[in-house]
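Think of it as A, B, C and D in the order they're written, each chain with its own count starting at 1.
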Amino acid sequence: MLTTSNGETKRSGKDFATDQDVRWCPGCGDYSILKQVQSTLAETGLKNEDIVFISGIGCAARFPYYIESYGMHSIHGRAPAIATGLKISNPNLSIWVATGDGDCLSIGGNHLIHVLRRNPDLNIIMFNNEIYGLTKGQYSPTSPIGTISKSSPSGSLDTPFSPLKLCMGAEATFIARSMDRDPVHLRTTLLEANQHQGTSFVEVYQNCNVFNDGAFFQYSDKKSKADTTIILEQNQPLLFGEEKEKGIILDGFQPKVVHLGEAVGHADLWVHDAYDPVKASLITQYFDDPNNDLPKPFGIIFKKERPTYESLIIEQMNASKSAKGEEHLDALLSGENTWTVS
Amino acid sequence: MLTTSNGETKRSGKDFATDQDVRWCPGCGDYSILKQVQSTLAETGLKNEDIVFISGIGCAARFPYYIESYGMHSIHGRAPAIATGLKISNPNLSIWVATGDGDCLSIGGNHLIHVLRRNPDLNIIMFNNEIYGLTKGQYSPTSPIGTISKSSPSGSLDTPFSPLKLCMGAEATFIARSMDRDPVHLRTTLLEANQHQGTSFVEVYQNCNVFNDGAFFQYSDKKSKADTTIILEQNQPLLFGEEKEKGIILDGFQPKVVHLGEAVGHADLWVHDAYDPVKASLITQYFDDPNNDLPKPFGIIFKKERPTYESLIIEQMNASKSAKGEEHLDALLSGENTWTVS
Amino acid sequence: MLETVTKKEATVLFAGDSGDGIQLTGTQFTDTTALYGNDLNTFPNFPAEIRAPQGTLAGVSGFQIQFGSIDVFTPGDQCDVLVVMNAAALKTNLLLLKKGGIIIANTAGFDAKNLRLSKYEFNPLEDDFLSDYKVHSLDITKLTRNTLKESGSSLGQKEADRSKNMFVLGFIFWLFNRPLNNTIAFLETKFASKEGVKEANIGLLKAGYNFGETSETFSTQIEVKPARLKTGVYRNIQGNEAIAIGLIAAAKKSGLELFYGSYPITPASSLLHELSKHKNFGIKTFQAEDEIAAICSSIGASYGGALACTGSSGPGIALKGEALGLAMMLEIPLVIVNIQRGGPSTGLPTKTEQSDLLQAMFGRNGASPIPILAAASPSDCFQTAYDACKMALEHMTPVLLLSDGYIANGMEPWQFPTADSLKEIEHKIPKGPIEGNFLPYQRDKNLVRKWAIPGLKGYQHRIGGLEKEDLTGNVSYDPDNHEKMTEIRAQKINNIAHFLPNASIDSGHPNSKLAILGWGSTYGAIKTAVRDLNAEGIPAAHIHLKNLHPFPPNLKEVLEQYELVLVPEINDGQLIVLLKNKFDVVFEPLNKVKGLPFTSTEILRHVKTLNKALLC
Amino acid sequence: MLETVTKKEATVLFAGDSGDGIQLTGTQFTDTTALYGNDLNTFPNFPAEIRAPQGTLAGVSGFQIQFGSIDVFTPGDQCDVLVVMNAAALKTNLLLLKKGGIIIANTAGFDAKNLRLSKYEFNPLEDDFLSDYKVHSLDITKLTRNTLKESGSSLGQKEADRSKNMFVLGFIFWLFNRPLNNTIAFLETKFASKEGVKEANIGLLKAGYNFGETSETFSTQIEVKPARLKTGVYRNIQGNEAIAIGLIAAAKKSGLELFYGSYPITPASSLLHELSKHKNFGIKTFQAEDEIAAICSSIGASYGGALACTGSSGPGIALKGEALGLAMMLEIPLVIVNIQRGGPSTGLPTKTEQSDLLQAMFGRNGASPIPILAAASPSDCFQTAYDACKMALEHMTPVLLLSDGYIANGMEPWQFPTADSLKEIEHKIPKGPIEGNFLPYQRDKNLVRKWAIPGLKGYQHRIGGLEKEDLTGNVSYDPDNHEKMTEIRAQKINNIAHFLPNASIDSGHPNSKLAILGWGSTYGAIKTAVRDLNAEGIPAAHIHLKNLHPFPPNLKEVLEQYELVLVPEINDGQLIVLLKNKFDVVFEPLNKVKGLPFTSTEILRHVKTLNKALLC
């Protein structure tokens, strides 16, 4: 804990570190994510005891051990279901789900789509390394077609999910993308996810340096980064390139890259609006399709206000209480029809 | 089997009926679907023995018993996974999955999204009655918010899926919607689904007259039908109304109902193109949202050519055979390093 | 001249098409019978189809009730009176009627179409076919229509025909000389807003009664005097309803919120339905996307400090195995209810069976001990559910509660307890602030750890499904620690035995050579069989197990007193596997795998085939 | 002067950081040892982490090999030579070294950082700490660098350091006087395209060998003469590889395509990896979205006429329970492989255990009998997988095959069969056109039904998980039919016993009072223990069960010959539950639940604690 000049205590990421040895491979992108999550938690002002991290199984899923909060390293794929029950039973907690692309989209796919439609107030961070790390390198539901892996020695054949597109289809109310190698962006994104009331889904590109090294380096490498990524900001035009000299326009429904100049100016560009479901659909539809030569979007892609599941449950419970009156156990035990043997 | 005047045998739906008593409730929409499926099968020219119906559990899932073909009434939610294995092992079969909204989207949600992205050549018919029929009336993942059911006596709280939107998010290559009460449309749709090479997903609105009677009557009732439904046809403008006096235009991204007349003519209308993923997204996004006052679209909403999963597997297998040569069991048994004890 | 025959007990079976209102008729008869003071036991038997085509064999719905002036433990092996609304109902149920029993048949249900659908080649009412029985053929449909016409009822024909069950009910009330007032009150509430329907139904009820009195169809009324039940206040209760109330009571007494996560499945769904009606008790019900999510949400809720429960039936329980192992490893309280049905696989969803005991015991990977309790009767479901919650909370463990389709839907009178009289339940949530370091896997003398729920300051800790280090709960791959923890987990569950009541003889002969050892819903049949055996001078004792894991501490000594222990089960012999593993006693299985409960006669007859030397 | 000591058997344990190439070193040593003609057995011991931070205790990787001129059944209880590349490796493995054993330590791995990471407060190489052992401290890192520098190698330092394992290997080859040619050939192929790396590795291998010869570090070489193995051609094989080959062989011999549906999980994943390499055999591998889809896709493939198999480990098998019940009900051929690991729940994924036997037996709802086979050793995995396929296809049933992490990764010489010599496998796909009506649940004398696969004209039929009518397979709710079908399903599996080889004494004394009854991977340890007991004049016999359900037909008679049957298991006592249920014999459990295999000494010592009267 830091004490600032005016005597206020300001918490730092360290206040959210545990005494456990961190056991990821040296160089793994998970380290950076851990650090940014810890810093973000410090910024939120949440108390350690009010935070819970729930995870499934995988490298990513070891996350809870390293956060000084409550945590459960549960079973493969089930974290969203566990988190839902926890949130319903204890709505005051700040609940985070740490999950991998396999955990979340393969075995856990059903729980993911259902948690999204129900919309309890959870923050789901999906570490996408496009591989199964913990089981030593099989292709995952986000691996591109043709991925050579232990279980696909001649190349994978399964069309991958675009996780964000899937989330849109499942009635998500908050979807965003960030990256292990962009700490500031990651922190900002996580903070916004935390502020969103409802299920926030954040896809984080994460480098697995052992089994899928460099999968996303084009998006962090100094040389290529400016041309291969686009940072979405609310109400800002879609600009990218070293000098922000390129932008995206909509040609009909079709997003296209343009070079700014005489023919096209800022005013012609697509302006990002995370509240617009159609724009969000177009982003998840077009930009993640490797056939379209478009930069990879990062930031908050979609956001929608919808009552949280737990708030609806409590509302209904309270309505029932005021309609039927407070409960009486003896009345319940006796029911409506009794008789006496004397 | 019918013999036509020129001596050809023409098969009819009856050739696909079994000797089993059909055990749905009298009046259930499933009867009509059964009849149309049988007629469609007759039209396809498929041989009985080359057809397989796989189902999970539910009223809908009793379907296989009533089709004179091979069939498996499996376990709840797993039909897509079973069908995938069957198709991979036996690619010549015509495989159909009969499933309910609970079977397919609740317990079976994960298998659904994964079968869609993989795209084996299957026809999935989802009987959507917005209720769990077989278990006697609980709300389902397609029940509108507020549904009063046995398990939601004060109204359901879960935002439902739009099944077709979910399918779009899961990389489906064929999605369509039809209805028990529109036999001709249903047959046409099923025929097209059958022709599509890849996983076809057909949502069929089906009346459960016992637990959710009339959920879709507005779309079949003579009085309301013309105004509440819109039939999508390839390359045709989106027209509806008693006299086809209304149409849909796109106002920016926003579909809007217009009355045809001087201000707007046919040429201004949205023209349906099932091959256009953005249009398909807009349809699933807007038209199924009850907040938008738009007619319910029926027909083939999206279609895309993509190699089937089984074709890729066979291709890879053949490539491996020609690269490594035909297999020799003795070579496999001995491996590469042997020694002799004498 | 009207005579009255007095009987100690009588069994009536109402049977008809699913649309004939059989279940309602049965329930109404049950309520009145209970209020009259009989002991009773019921068994509703639904068709597998939601609504099979009218008139078919598959569509027959039945409701059987045994009631008596003596104690009644089963719905009756065979019935004295069989009411059949159509031919199919006769065909499916005739075997259940005693020789010489009474048949009341609705002749309108024996027309050509009904005969065809029920696959009769002739009309069984019309020749000698039923000569072993006393048949009373009435055109109830016509009687109903006429009654309504005369009273000027406004009901349409369809609606009118649907009310014919009230005519029958009135008639049966007359037969047993029962008052109508309870059912009239019921109809008044039920149809409060539908004046016409209400009038018609009440009118028909009375008409049926009067028809009995005036038509001289019967010259005899049957009297079954009130039972000498223990004095007190009673209600009727079904098994699943009793479980629901038991869970709620445990939540109230422990001061916790109840969370019920479930996915619908026959015959467990009514638990979800029942609990979701009681939101005013602060109950949160969650209809999950599947059984795995159901148990996982319950694990989350338990972790968060709720009294959490998840319920299902065989196939759904199979899906929960992996997560059950997690709950065991986490050592958190959780009640898992299995309303067993006919297996294997999808099996016979609407039929009863006891075939998931070994799944409960072993249906997970690794050494994963979990206590198992079984309820013996509809009313016992209450106490067993309550005990399961208490055990889960006080010993920090998942607990499996077994019931089955038979008692889930069956009904019996219940001398319900007052809230005050229920045993106190303690939970392990730490009170007060933390002192020193929190060790999540530190244990008390019963090996029970603390329930440090999120939100408690200073108790932050991390748990999971990997093997844990003793005390700290950190992940540990240490070989000796693994063995130690495996032993601790087993010992912790075995320790629960110290808190269990001793096994004892439920009824029967104290010094017999033969014991009949049962568990779960065979209770009534065994008890009746033992009573009847004893009455015939054949000594036998009945021991009934509520705790299947761990066993009561003295079970060994109790069993070793007998030369033979007969173990009747509605399965292929499952408890006996557990018994043989523990005790060196001669066990003999008695198995029935028909999707139906034992009749007491089946047990009695089997006992008589045993070596005579044992039966003295 | 250089001496040579001759030993009957020797055990070497290579240990170091995950990055030190320990597994490769071990495998190369193994191959050369095998080619030399020793019998051998290996045990690789991976760290739980993918790559734990360098130098930590959690990051230690080990490879143990026992080889001998006599038969060798285990990787050795304790080792003669311990090679440690760093301090952590010493710390985790020192207990495994015999008193007086040899330590070869890389001093570069004992610098301040390594000592800290391995939690040594001192340098164990530098004081009297290791005085019970013969310690040889070499700065292998420096030796490696120097060697490469001298040879003018172009390798960077990082790459150079990574090759130090070849120096060690060369040195150990010298110690046991083994030729280098096999490893040189291996390196030539492996680094064919990387000239520099190849040269460096071969150079280091030779340098290590020469260092042994010239440095006078050792004055003694150890000689382990070739074993008198049965004459024939041998290869080395790991358990999972053997299963994969067994499945492929069964597919070829039965003329079917192999389908393998699986979801990755330790330690079963390598089955998927291995099979997906052999597409040219017409094998279709399917990486499913989860274990449920894995088994369901396999059910689909089996229904479609493939030889279908699905594999997993404990938690994944738990998820398959419901679908397994379906496969049983459908009566279709399917092989389910469980490579067991430490449980319960996520447990100890990288450790071994035998704790899923009762899950295999009972982990489903209802009465759901499925045959169970267990493999006893790496090479036995081949025959057991082959037998499981044959059983599944010939008896139309799912079959559970149990292996475990220990034999899955362990290696031993295998006198592999020729394709021709493998037993024929028949399948039940009807040949020729249908005559009359097809009855899908009509059975042959062994109660086996036909496998009428889609595409066959006239055989159209519908099957499912609901109870079926005898013969027709139509849905049936008939009580008697349910009981009959339950019995038929059980009987069908019991009938398989007639096709099993009789249980017999694997080794040991023919007339002892004590039998040691094992199953699965305890084979080697029991066999060694019995050999050593017999050598000490203590009579004991070893019986090993491959078929756990049904048991071999004569098992009763065999077991009844003994006064005591000792049952060692790497679990809390699971086989013994099944044995007690069937046989009236005195069983004594011997359990180890440490995530590690038994050593033969543990068994031997336990036997010596038994009543002396039994041991004569």
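Convention: a residue touches a chain if its C-beta (ideal position, glycine included) is under 8 Å from a C-beta of that chain, and two chains touch if they have at least 3 such contacts.
On a predicted model such as this, the values are computed, not experimentally measured, just so you know.
Comparing the chain pairs A-D and B-D, the larger number of C-beta pairs in contact belongs to B-D. With centres computed as the average of Cα coordinates, no chain lies farther from chain A than C.
The distance from the centre of chain A to the centre of chain D, each centre being the mean of the chain's C-alpha atoms, comes to 40 Å.
As a whole-number value, the distance joining the C-alpha centres of chain A and chain C reads 45 Å. Mean C-alpha positions place chain A and chain B at a centre distance of 30 Å. In chain A, 57, 73, 75, 106-107, 109-110, 114, 141, 154, 158, 313, 316, 319-320 are the positions where the chain touches two or more neighbouring chains simultaneously.
Each of the following residues of chain D touches two or more other chains: 58, 279, 289-290, 315, 322, 326, 345-346, 464-466. Residues 21-26, 57, 59, 73, 75-77, 106-107, 109, 132-136, 138-139, 141, 150-154, 158, 210 of chain A are the ones that touch chain D when the two sit in their complex.
Chain D makes touch with chain B in their complex at residues 31, 34-35, 37, 182, 226, 229-237, 245, 248-249, 252, 257, 259, 261, 278-284, 286, 288-290, 292-293, 296-306, 308, 322-323, 326, 330, 416-419, 453-466, 474-475.
Considering their complex, residues 106-110, 113-114, 117-119, 141, 154-155, 157-162, 165-171, 253-254, 276-279, 281-282, 285, 306, 309, 312-313, 316, 319-320 of chain A touch chain B.
Across the complex, chain D meets chain C through its residues 48, 58, 313-315, 317-319, 321-322, 325-326, 328-329, 340, 342-351, 353, 355-356, 358-359, 361-368, 464-467, 477, 479-480, 482-483, 486-487, 489-490, 571-572, 576-577, 580-581, 592-596. Touching chain B in their complex are the following residues of chain C: 49-54, 56, 58, 263-266, 269, 272-273, 276-277, 279, 285, 287, 289-291, 315, 345-346.
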